[in-house]
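This structure is in structure tokens; I'll ask about it shortly.
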Amino acid sequence: MTHSESSIPAMSRSDINKNAEVLLDVKGLKTYFYTDEGVVKSVDGVTFHIQRGETLAVVGESGSGKSVTSLSIMRLIAMPPGKIVEGEILFRGKDGVQKNLVTASEAEMRKIRGNDISMIFQEPMTSLNPVYTVGDQIAEAVMLHQGKNRKEGMEVAAQMLELVGIPAARKRVNEYPHQMSGGMRQRVMIAMALSCNPALLVADEPTTALDVTIQAQILDLMRKLQAEIGMSILFITHNLGVVAEMADRVVVMYGGRVVEEGEVLDIFRAPKHPYTMGLLNSMPRVDHAAVPGVRKERLEAIPGNVPNPLNLPSGCAFEPRCKFAVPECSKAVPALEDTGAGHMSRCIRWREFSEVKA
Amino acid sequence: MTAIPAPPKTNARAQSQMQVAWGQFRKNRLATIGGIFIILLYVMAIFAPFIAPDGLSNYSTTATTRYHEPTPLHIRDPKTGRYGLFVDKFAQTMNPDTFLQEFRPTGERCPVRLFVRGDTYRILGIPGNLHLFGTGNPDCKVFLWGAEGLGRDLFTRTMYASQISLSIGVLAVFISTIIGVVMGALAAFFGGWVDNVINRLVEVISAIPYLFLLILLRSLFPQDANPILVLFLLLVILAFISWGGLARTVRSQLLSVREQDYVTAAYSLGSSQSRIMLRHMIPSMTSYLIVTLSLAIPGTILTESGLSFLGIGAVEPYVSWGTLLNQTQDGGIASITDRPWMLIPGFFIVFTVMCYQLLGDGLRDAFDPRKRQ
Amino acid sequence: MFTFLLRRLLNLLPTFLLATILVFAIIQLAPGDFLTPAKLNPGISQQQLDNLAAQFGLNKPAWQQYFQWLWNLLHGNLGLSFSYTQPVLDVAWPRVVNSIKLVLVYLVLFYAISIPLGVYGAVRQYSIGDRVSGVVFYFLLGFPSFFIALLTIFGILKLRQATGWNIPMIGMTSDGYDQMSALGKIWDTLKHLIIPGLVLAVGDVAGFTRVLRGQMLEYLRGDFVRTARSKGVPEFSVVYKHTLRNAIIPFVAGIGGLLPTLIGGAGFVEVVFAYPGITPMLLDAIASQDFYLVAAFSILPMVLLFIGNAISDILLAVIDPRIRFN
Amino acid sequence: MTAAAEKTSRKPLPAMGETLLEVNKLQKFFPIRGGLLSRVVANVQAVDRVSFKLNRGEVVGVVGESGSGKTVMGRTILRLLEPTGGQVIFNGTDITRIGKNELRDYRREMQVIFQDPFASLNPRMTVSEIIGEALQIHNLHPGKGRVDRIAELLTKVGLRPENMGRYPHEFSGGQRQRIGIARALAVDPAFIVADEPTSALDVSIQAQVVNLLQDLQEELGLTVLFIAHDLAVVEYICDRIIVMYLGKIMEIAPSRELNRNPKHPYTEALLSAAPIPDPTVKRQRIILEGDIPSPINPPSGCVFRTRCRYAIAECAQVEPELREVTPGHFKACIRDDIL
Amino acid sequence: APFVWPAKWSADPASAAKKGGDYRESTISDYKTINPFTSAEARSIPNYWMSLGAGLFTQDQTDDSFIPDMAEGMPVVSNNGKRFVVKIRQGMKFSDGQAITADDWVTTWKIHTDDKVGSNSYDSFFINDKPITVKKLDNYTLQFDFPQQSATAYVTMSYTPWPDHVFGKAYSAGGAEAVKKLWGLNVNPSDVVTAGAFTLQSYSAGQRAVLKRNANFGEWNKDSAGAALPYLDTVTLKIVKDLNASLASYLAGELDVYGPRNADDLAQIKKAIDAGTLKATELANVSPAATSQWITFNWNKADSPFKQKLFRDVRFRRAMSMVANREAMVQLALGGLGNPTYYSVYPVFKNYINDAAPKYPYNLAGATKLLAQMGFTKKGSDGILVNAQGQKLEFTLATNSGNTVREQLGRIFADEAKKVGVKVNFTPIDFNVLVGQLTSKGESRPFDAILLGLSGGDNIWPFGSNTVPCGGNLHSYNNPTKGDCLTSQEQLMTKLFFQGDSTVDQAARQKIGAQLLKTEAELQPVVYLVGGSYHVTYNNRLGGQFPRNQMDSYYGSRNVVTTFIK
């Protein structure tokens, strides 16, 4: 039983050096899928960067291209039907050399994967290979990247399991995924991802499939580990609550594009894109008890449906659902504009929103 | 009220499961080719008596044509210089030195014409005597693909054989599918001892070597029973044996469908068991069944040839590709070296099985929701 | 595991009894008996026929014969073969061993061909190789096995005549087998087994390969494969270590049922290749209505089914840890 | 309302605010078989002696972790699963005792909406067939009227009637959920079990469906048992909330009360675990260690004690009763000295 | 004194013979046992291979006469030709070195005649249920007592003696059961003892049996040059279930002999010989085969008086013989290699063929005439003859399914019959069913007509004991409950059969046979169709086969005892 204080990471948000080194720089990334029905422009010109030690959250609706972006970074897009058609992914690995992951060879990528950049996935139940022990699976990465033998690998695995707080870790390295609960498995995933001390951890909705209580455990753990290891995290989610707890900066995606980007406080306090606003408003909040009188009788929903990725509107992708839409919006894709202090928005009416929100 | 969300504008066509599958299927070129050839084969089978120049069992006891070579079709008569399709009349002698049947043109020529009158037949009950091609002369026939051991035209026999080979597989599989589905459904639906008994039954039947079962069962049928009916029943029995698997699959499939939310929804609406069975559970099997069927039919065609190998396949005066191939097999090496045309029925089996496999594969992919975006 | 196997055995008992009754019933219903061919022999008198019928117990009512047999069976006695006048087990056992040898070689060849092919088809989906191998093996699938066997024998004969190589054509061992060294014997048998084994295997490759390919495709898209890739695991390892072992699981579960059908299914090939396996003997036994021999061969699949299921349960537990714990 | 005519033939419902449904010591165990003879060796105690009342017109939420028995309870109440024990008294009738035919009549009164909008619609049926099936079974609106009724229902849930001829896979998740709702409404039920109807939906769509449900409930005076594992959603729509853990009820309270003033340690932990979409809020978080125990072999005494930070030795001995601590606020915890 | 194998039996001079080597042959069915008393197959290991050269007398294929083999000389005959006293050679030894004495014959006889043993030779020791007795006069003298004169006395006496010290011992200790337990397939070969030229070396299930020379055999069996027999070291008998496989094996040189079945086989072998890939000799049409194919009509059809009358009418049966297009049958079903047959005696038994017996060869006009005499003058719309009562001339003809040749014969027969307006419903059925029908007894037997074939029998009295006499199992056309004859011809044939069977003098017997044959041909109860030809082929590494003119389907092409490898 722990009653953890709201964990104060060693390197809290405010400590982040604004001029810290850029670890990953994604520029104009376009990843398309060529399907029978047509070209799915899943990621259509995404640009963002992550600094060393920072947590960047990517939020957005289902199908907005979050996973494809992360898989593009790992170069794990199935080809065919997928293809990175344009853009650069610049990454500075442990060796200090900046590489463009879009053009790196497959062998180079294999060296980076699991070693410099690790990834954890949404589904802890299916993301582990059911026929190997968790120890084996953790050790595999260690053996691959650190030239260790199996025995040493298993030793590291046990240590990692201990690190992520699995009780009786020495015993459990020899267990199989199905012997563990979802929360445990997600811990194993994290242990595996961290086993080679990566510079960047890509977490694609790591807690979406988990119960709130387990989610809390995992988020807590991730924060603790980040503080210890000092890696950067690219945190993908569509849960704004999680974003609020985890992120330093936030990238909001919609229809394969970044629609807003900024410091987490700015995004929540003064969103500059109608989609972000809609998202914030449609979130039911459990904490209103602490803020009496906020309760709304109805949620403020975003009308309409998530757009069909095959057939995105020609202008602003959010225009059909936007209550602020003006005819202008459907003319052309709005540019991602800096609204000041690194807060970017892809809305032509962003200037009006500071007032609206205030 | 929230704004009524617009239904997606694209994809506006209402597509049924079948339509979707059809769309997917058409994209698979090999499968489409397989399907087209299957259709052609069946058309061929239906019109076999018309396509064939001769009657099924016609041969001569005077001018014997045992293992007649394929007769070359000539278009120009070297003597008269006239043009027109014709064949030579051959005389057969056995070379006492090589023991081979030798055919020498007699010099007589018989014109091959289209739509000639000849042997009478019935197609779908309609009598006729018109043949696509032929000489119209019973003493001087076209042996497009040579002749078999009694001197009967192999082309004709192959055509007629397709009727049995192609229909018996379908019919037997069809019937056994019904048995399999009903058994599986009963087991799934009633569970308990019914399930147990059916499972045991399936096990028992599949535990007995099927060769043995077939050979013995064959001898149980009354002697005057129509041999085709007997063969057909045997294949059904055989299919039933091998379809213990089907019953099991149906059972487990139905059990899993029963757990689906939409079935629960139907219960909660007050559906009766039979309604759920008919409206929800059985239709959920259709795509699976179509695919399994398309793969089981060629299996039965092959099995029939196996039965012929054991001498319990189609018997005179009926022929199937299996029996024809078995004659080839009986001839041993001689069939390959001295009369390779006897291999043609085998080619039909291979071809049909292959087409069915391609078709089945295509269907499987087409019905597989995972293969679709 | 043990209770599990025991339960399987218990489950098998009613099946077994039913099957024997069925076999007995059919044999009794079938016209004629073991002595029918003797009736056609101009040299055998009725007196002699009666003697023989009494000898084999064929003059007793069917149910008595059945219970007698069942009783003997419970005492580990499968009865006496009429035509061999020997205990059935002595007569049938060498054939069973031979068939198992063939089936083992078949299995090895079959998996050696179809696994790489299925994997290749999944990894290089829709490549030329995938399509060509698909069509070729579909083609072979369409051949009745007995016919491929004949073509093969012809091919070998021609090859032998052309080259003089001593390629084994039929049978299971060469002349002078008895004089060979132990290793020589194994090698000689293996040489004889490869071709029929291959003939059996190629007919089945298509089916299995296709399913394996589908299964592989499914797993290759799976989450844990993505995890493996994200660890930087080399592609070969992704395919063979991570994917194949999972994809193969459903087939392992099916091995149990495979064994009995294989023994029967190897049949025609055994006949054409003059291989001394079960089927040639079974066909003889059926033709001569050598009842106890037939009965033994119908128990055999059940024994094999049990053994096969046990093997696949064990194999399954080896490759799929999820099975081990419940 | 078109269905008014039929309604008269049914047993009249109690007045608004009166007890419509009473669940009494309801139990649902799933046997686990094993051993040589496939005997029952253990039971999954999915729902164990839960009792509560629902008033007509009320929306009551059920929350709890995955595996806590929410779905099983919902389905057992509707007798989609046969209860192992206990009673479900609907409008004065114990529906756990009645025969199949009689039950069919009660099916009209009680409906269910499912979590998974993909699995709950038969992919082979069109929307009109799906909704029409309900009408067909109970022979409602025969003939031409049926199409009108379907159109009406579709409009009610915010879909265009033109979509009637389409198949489920042509709709988005939110739209599919609406179809499911229309199906449930088709027979004019008095009581609906909504089993996590929004948890498979996007946040932006979730709000739409929550709003729709709320509207319909108000408009039709429905009684709703709203199952969710997300307290935040439940909070918005429900009058009262039931908190479940390992097949047992831990706490029942009006939603505002529960949120502000949880009396059970489990509720407290659950509330604190939910992330708050506000980066400025800093709060103390209670991390529940470990996972929910197995329902096959639940802990003795209080089932929550193994993860409870207030647990004392006594908790292992006594199974706490669900008792009223303040008016309308029930909890199953022996300690009153906490919270 | 040793038995000297006549030089005239071999095409090669004894001086050409070499010792050693392996002779390879194949068999289609597996061996069932090594026990001579339970063995039932024709060419079984104990009763053929291990009995080679072991019998009191042996038949000389040049003149069908019997000459002494294990017997010292011809027997002393007394008691009106019913008692034979035979002196056996001294110094003969079994393969295990034990002396062969009279006891061995007596024991062997005893065991064969014990009905609990179930020996296949049981019948041959009885004549009309009356036993033949064998007595030991002294260690080297045997006395055979026959209940009556017998044409086949020499055959009967020439049974193979099996060691008393093996079987006699077991028999006196454990009776029939003990004997039956001996020498199963898994017997230890060193326990197998024989008087014949070869003894068992090894057997592997379903694959092959290997026999090795009996070293002691050579002590009392010499070739004309005085060398010990047999020449061969071993005989390998391969079990090859498929005839195509055996042909392939022969073509590949893995077998020394092969029995060509038909023109296809001959052509394949010829081709290989011509191409030089196989060094072998091929002799086609050596003699007619010792088999028959026939159609029998059922006279016992109380349930269908019309058919009963029909089948009992000799004109009908003659007409049916005229319908059989034997020429076409030879051409089509036998590929041109065969002969029409008209009698029950196989053509290879030339001595018993009576050319004076009537034949009813293919003659559709003749058939039509005969049928018209019977009242079948009109044809119905379907082309089938009907009589005045409107009864159709139609019957069912069955044969066993799976036999291609018979199926073709039946087909041709039915097709030809149609030409004269007789509808033959030809149906191949299960063999066992067919035999059941054929051998059934009663006033109403369950078939119309059956097409079947027989083989077996000898050239001493080539009429079957259960075929010719009324009441016999295979008196297939007329077998009422009591087994009575229906016609005077049958009575005559029955009489002639027993007369011939007990006529020892060959010429007299042949005369009786000729009369029997003529009676049978006139009655025409069974319509004989065609017979195949016997072909011989062997690998040129073999020597010692019979001269060409001695080869036939009865005696075969060689004696393995005098066969050698070049």
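Which chain is which? They are A, B, C, D and E, in the order written, and residues in each are numbered from 1.
Throughout what follows, a contact is a pair of C-beta atoms (placed from the backbone, for glycine too) under 8 Å apart; a residue touches a chain by one contact, two chains touch by 3 or more.
According to UniProt, the chain labels map to these proteins: A, D = ABC transporter ATP-binding protein; B, C = Peptide ABC transporter permease.
Worth saying up front: this structure is predicted, and the values here are computed from it rather than measured.
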Exercise for the section: From the Cα centroids, identify the chain that ends up most central relative to all protein Cα atoms. Expected result: C
Fill in the blank from the handout: Of all chains, the one whose CA centroid lies most distant from that of subunit A is E
Practice task
Go ahead and note the Å separation of the Cα centroids belonging to subunit A and subunit C.
Solution key: 54
Exercise for the section: Provide the C-alpha centroid distance between subunit D and subunit E, rounded to the nearest whole angstrom. Expected result: 89
Fill in the blank from the handout: Expressed in whole Å, how far the mean CA point of subunit B lies from that of subunit E is 44
Practice task
Please work out the Cα centroid separation of subunit C and subunit E, and write it as a whole number of Å.
Solution key: 38
Completion exercise
Residues of subunit E that touch at least two other chains are 244, 248, 251, 430, 432-433
Exercise for the section: Give the residues of subunit B that touch two or more other chains, as numbers and ranges in rising order. Expected result: 2-3, 5, 8, 11, 219, 310, 329, 332-333, 337
Completion exercise
Check: subunit C positions touching at least 2 other chains come out as 30-31, 150, 153-154, 157
Problem - Partner subunit A, residues of subunit C touching it in the complex - result: 221-224, 226-235, 242, 245-246, 249, 319-322, 325
Fill in the blank from the handout: Seen from subunit A, its contact residues with subunit C in the complex are 71, 74, 76, 78, 106, 109-115, 118-119, 121, 123, 126-131, 133, 137, 140-141, 144-145, 176, 178-179, 189, 192
Completion exercise
The subunit D residues in contact with subunit B across the complex are 75, 78, 80, 103-105, 107-108, 110-112, 114-116, 119-126, 133-134, 137-138, 158-160, 162-163, 165-167, 170-172, 174-175, 180, 183, 187, 208, 211-212, 215
Handout entry: List of subunit D residues in touch with subunit A within their complex
Key = 65-66, 172, 174-175, 202-208, 210-211, 214, 229-233, 235-236, 256, 259-260, 269-289, 291-292, 307-309
Exercise for the section: Could you please specify the touching residues of subunit B with respect to subunit D in the complex? Expected result: 1-5, 7-8, 11, 14-17, 260-262, 264-272, 275, 279-280, 283-284, 286
